[in-house]
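You will see chain A twice below: alongside chain B first, and alongside chain C after that.
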Partner chain A sequence: MLKKRLIATILLKNKCVVQSISFNKFLPIGSLEIVLQFLEKWDIDEVIILDLDASKNKRTINFNLLKNSSRKIFVPLTVGGGISSFDDAKNAFHNGADKVSINSSFLSNNNFIQQVVNDFGSQSVILSADVRIENNAEYYVYANSGKNKIISLKKWIKQAENLGAGELLINSIVNDGMKNGYDTCLYQKITELTKLPIIALGGAGSVIHLVDLFQNTNVSAAAIGNMLYFTEHSTSKLKSALVKENINVRPSCFISYDEWNFELDGRIIPMNLKSLYE
Partner chain B sequence: MNKIGVINYGLSNLTSISNALEFHQIPYKIINHYDGNFDNDYLGFILPGVGSFGSAMQIIKQSSLQEYLNLNINILNKPILGICLGMQLLFDKSEESEGEEGLGFIPGKIVRFSEDCLKIPHVGWNNVTHDNQGLFDGVKNKNDFYFDHSYYSENHSCSIAKSTYGIEFTSSIQYKNIFGVQFHPERSQIEGLKIFLNFAKICGVNFA
Partner chain C sequence: MKYCKKCAYPENHPFGIIFDSNGVCSGCNVHDEKDTLDWNERINKLHKLLDRYKNTSKNNYDCIIPVSGDKDSYYVVDIIKNHFNMNPLLVSYNTHFNTLTGIRNLQNLKTKFGCDLYQQNVNPEFAKKIVRYSLKKMGSIFWHNHAGSTVFPIHIATRLNIPLIIWGLHQGVDQVGMFSHEDEVEMTRKYRKEHDLMGFEAEDLVDLEDFPSEIKNDMKKYFYPTDDAISKVALRGIYLSNYIRWDSKTQHEKMIKKYDYNTLGQIRTFNTYENVSNLLYDDIHDYIKMIKHGYSKVTDHVCQEIRLNRMSREEGVSSINYYQKNKIRHKKLFLEWLGMDGSEFDNNLDKFRNFSEINGDFEINGRTKYQNEFIVNSNEKDNPELHSFYKGLYL
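Showing the complex of A and B:
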């Protein structure tokens, strides 16, 4: 049976992995190579690396950094940020990426996306959008970090399908970084609009948010960011907790917390000491 | 002679295959489609694959890789491992590119998943049921492997592993010296890397 995926979103700033607090403050986490190796050993299903400054500075991610950091990574890798030409995508694939994530509200005049799909296949292209609800009625895609309203989500999805995208990464602007859960209404709606696999991004703060997302919507994957850091074995624990809530995720292959029980906020419930001594 | 040839027919991503082979220190060399004169100095071959059936076959035909593979696989009987699209190319034809002939090493046709009730592409980790032989020696049965594809090989008399997505399909195949996996062993963590180890042993490659 196909599993629900847990995807790590790794944010890069000046070659350093950072934690983003409302897009204006950044906590340094460390080197990309080490973060990737930890997450792989902690059984993450997939990784998306986003370079926060690439687009703004009209460059791409540092491809040498990508190549050198991913030599020992054997889970699928997606690269995003500043991918704006066929050669950018080609370079990403030649340096260890399996897919590129292209964030664009203007899909109608992006010929290069079509070319990437033709040569590297649909599966290599994730199209991503920043989305917000308007007047409690319809969802719209925004550009420039949520400043400019561009197109209705419905129309954007049609364009993405016509271009031949393999997956859609949908970020809820309102929920992003708030750690108060995913916008399940948005994801319910979007999975009714398209057959393409949907990756939900924005709002994950604890296990219960992921349970809520997977129980109430038909998304294929949940992307998490802030939950990854400052906790040992973060993703292995998360998976064991999800398995206990009957969510169909891939069991851990390196580290298992299956013996333990979890609070709904993801904290381990200590075992009865007496039973340990018996 | 003691090495595996990894076929580069243009735009495919070879870095992750190279990384996987290097992890087990399996000797290999990339065979570039544009090099023209291919030597016969390999114990076996890996045929990776991204992109579409039609465009991949066109490059393979234009670059005389087809004659080269015919010689090595059909006449010299060397093992070949097709990965993802690479596995599909081993068949006669595919619904993805009607009218385009495949390598034809394995009889059969590749078909598309039904749109009716499934998300397409089939992307993510899915169980692979196998019998622990050959390519799957020492691999956990029903282990999850990473898939990313919209077309598949129907149930086939030469299937050595099966998976289910709406219907049961062939996730790995062996026909004489010809092997294929529909999933990405190079992106399936520790159990995936075992596939490369087993294939190297099948080829008779000596390594650390």
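Showing the complex of A and C:
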């Protein structure tokens, strides 16, 4: 069985990495280069960098920043935000990206996506959607940070498959930054609708949320954001905690917390306190 | 330059700062949590956390508290030792350039609270060389202070199997709202590298071509313990400010009354409580901050007071304008110690200069009444011969 992936979502506002809370409150974390350095050391499986203002301001992510920050990084890197032409995608690949994530542009103009798939392969294209449920019945895809309803999720997935996407990144708008768990109903539904690998985004706040997601849905990866920044070795600890719950993740290679138990929020439980110089 | 509408932080704050649609900064927005969170619930949470770290076998310390003698040292020890009945080991890195008040405060701390204190002292000749290098490389005279104070407690923790380090205030949360209090952010090497060390860890510096080879081996004391060493102890570092409603001024005033904490008059800020142990903090260090970032320590102090509703923004701005143009006094003494002449010093700093000494964006209204709100109870004289690094003495 394929291992479940943990993917870090790094959000950018201009050059600053931020925490996002419900698309409207942003807290400054620091520089992209240093965030990448440490996530790689802490054994994250993949990284997605999203520029929050790129589409809105009709520009792409800052490719120079991307190039300088990813120079010494080997972890697979997906880049999103304002990728709306073949050249944008090509530029992203030439400046350190392994995949591109395409969101709002895909709905209006999709010819270039097929071109990217043809030239760089479908593994290099992630299509992403911001999703919300309507009347407790059907899921819809929204544009402009959740402001405009565009299309039903079902139809959107068909389009994405036809375009040759390699993976789908599905963000639950109401769960974003709330740290109250993933919308598992949403992801159960999606994995019934398509065979494409699904990356779940929005709501990760603790180990139990990830256990819940992986035990109850068939998503292939969980994207986590804000909680990455709260503790030392955050992702290595998370992996050790998930292994304990029999979730099939790639264990951390260099940093092991296998001997330790964790609180529900993923913090270490101290035990067998050792004596001085033991 | 854009400034926060509520406090006085500029958009170029070196930590990064985000302004919302009303022009209010992320620091102010997170600070507002101080009035909405249930702090009783939070202190209970801390209580539960600390209980788990009490070493019932009594054959080790329960936790480490990094101290300098000033800032939040007294308050953190008081809370941890006297309120929560923990058995802390105090750990301190000697930054040199101590004021006599600072030396006395640190010794008074261990005496009044009855605690063991480890202090790391580095070879003063080496200190001189690393100060000279960091001045040229980063335009900083305090790199080794930050590097030492943030790594020595970690070394002691991993060596002595002490799994918990307790810090006071998280600066990133306090100044720019890097995290919500509810995130309960813990100490990371990432934060240290980026914000305390300006992006340069000792491990990075020794590999640089221009690094002086004769002090390479001495730099190992600033290397971070391995990831392995940290995960073996499952070391955590927590910040009290995530669990206790932080108010630096009120806390210091309690410490003055209860434990005879000594304060010291400052030249470039009205806050006589926080940074009184290092002679060069309220001096060359602050001057460098000014020419690099266009603001200085008084802005940090003003923002604290504005956010706690003790100072109006107008009062704050005039305080900033008054204090940030005050002349520094110890440049000559420092340069003699360093063995550098004034023009070489200025040339080095000019590489990092982004602002002239006085920031012209604010109107200058003169001195405010606010400075009288802070107690000065030390009678240390401004006399170079009394200072601890005069004539070959490095206390």
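We take it that the second predicted complex is superposed on the first by the 267 of 278 C-alpha atoms of A that agree within 3 Å, B and C clash if a C-alpha of one lies under 4 Å from a C-alpha of the other, contacts with A are read in each partner's own complex, and residues count from 1 in each chain.
In this section, a residue touches a chain if its C-beta (ideal position, glycine included) is under 8 Å from a C-beta of that chain, and two chains touch if they have at least 3 such contacts.
For clarity, every value in this text was computed on a predicted model and none was experimentally measured.
Asker: Output check: A:Asn136 vs chain B and chain C. Expected answer is one of first, second, both, neither. What do you get?
Answerer: neither
Asker: Once chain A of both complexes is superposed, is A:Phe230 in touch with chain B (first), chain C (second), both, or neither?
Answerer: A:Phe230 sits against chain C, while chain B stays out of touch.
Asker: With both complexes overlaid on chain A, does A:Ile34 touch chain B (first), chain C (second), both or neither?
Answerer: So A:Ile34 only meets chain C here.
Asker: With the two complexes superposed on chain A, say which partner A:Leu2 touches: chain B (first), chain C (second), both, or neither.
Answerer: It touches chain B, and chain C stays clear.
Asker: A:Pro270 contacts which: chain B (first), chain C (second), both, neither?
Answerer: second
Asker: Let me test your reading of the model: by the given contact rule, A:Trp260 touches which partner, first (chain B), second (chain C), both or neither?
Answerer: second
Asker: Using the touch definition from the top, say if A:Gln19 reaches chain B (first), chain C (second), both or neither.
Answerer: second
Asker: Would you check which partner chain A:Gly166 touches, where first means chain B only, second means chain C only, and both and neither mean what they say?
Answerer: So A:Gly166 only meets chain B here.
Asker: Under the contact definition given at the top, report the residues of chain A touching chain B in one complex and chain C in the other.
Answerer: On chain A, the residues that contact chain B in one structure and chain C in the other are 254.
Asker: Can you tell me which positions in chain A touch chain C when the two form their complex?
Answerer: Within the complex, chain A touches chain C at residues 13, 16, 18-19, 21, 25-31, 34-35, 37-38, 41, 226, 229-233, 236, 254-257, 260, 267-270, 273-278.
Asker: Spell out the part of chain C that touches chain A in their complex, as residue ranges.
Answerer: 15-18, 20, 26, 29-30, 52-53, 55-57, 59-61, 159-161, 163-164, 176-180, 183-191, 193-195, 199, 227-228, 230-231, 233-237
Asker: Please name which positions on chain B make contact with chain A in the complex.
Answerer: By the definition above, chain B touches chain A via 11, 13-16, 19-20, 22-23, 50-52, 55, 85, 115, 118-127, 144, 146-150, 164-165, 184, 186-193.
Asker: Please give the residue numbers of chain A that touch chain B in the complex, ascending.
Answerer: Of all residues in chain A, those touching chain B are 1-5, 40, 43, 45, 67, 70-77, 90, 93-98, 118-124, 166-167, 195-197, 220-221, 250-251, 253-254.
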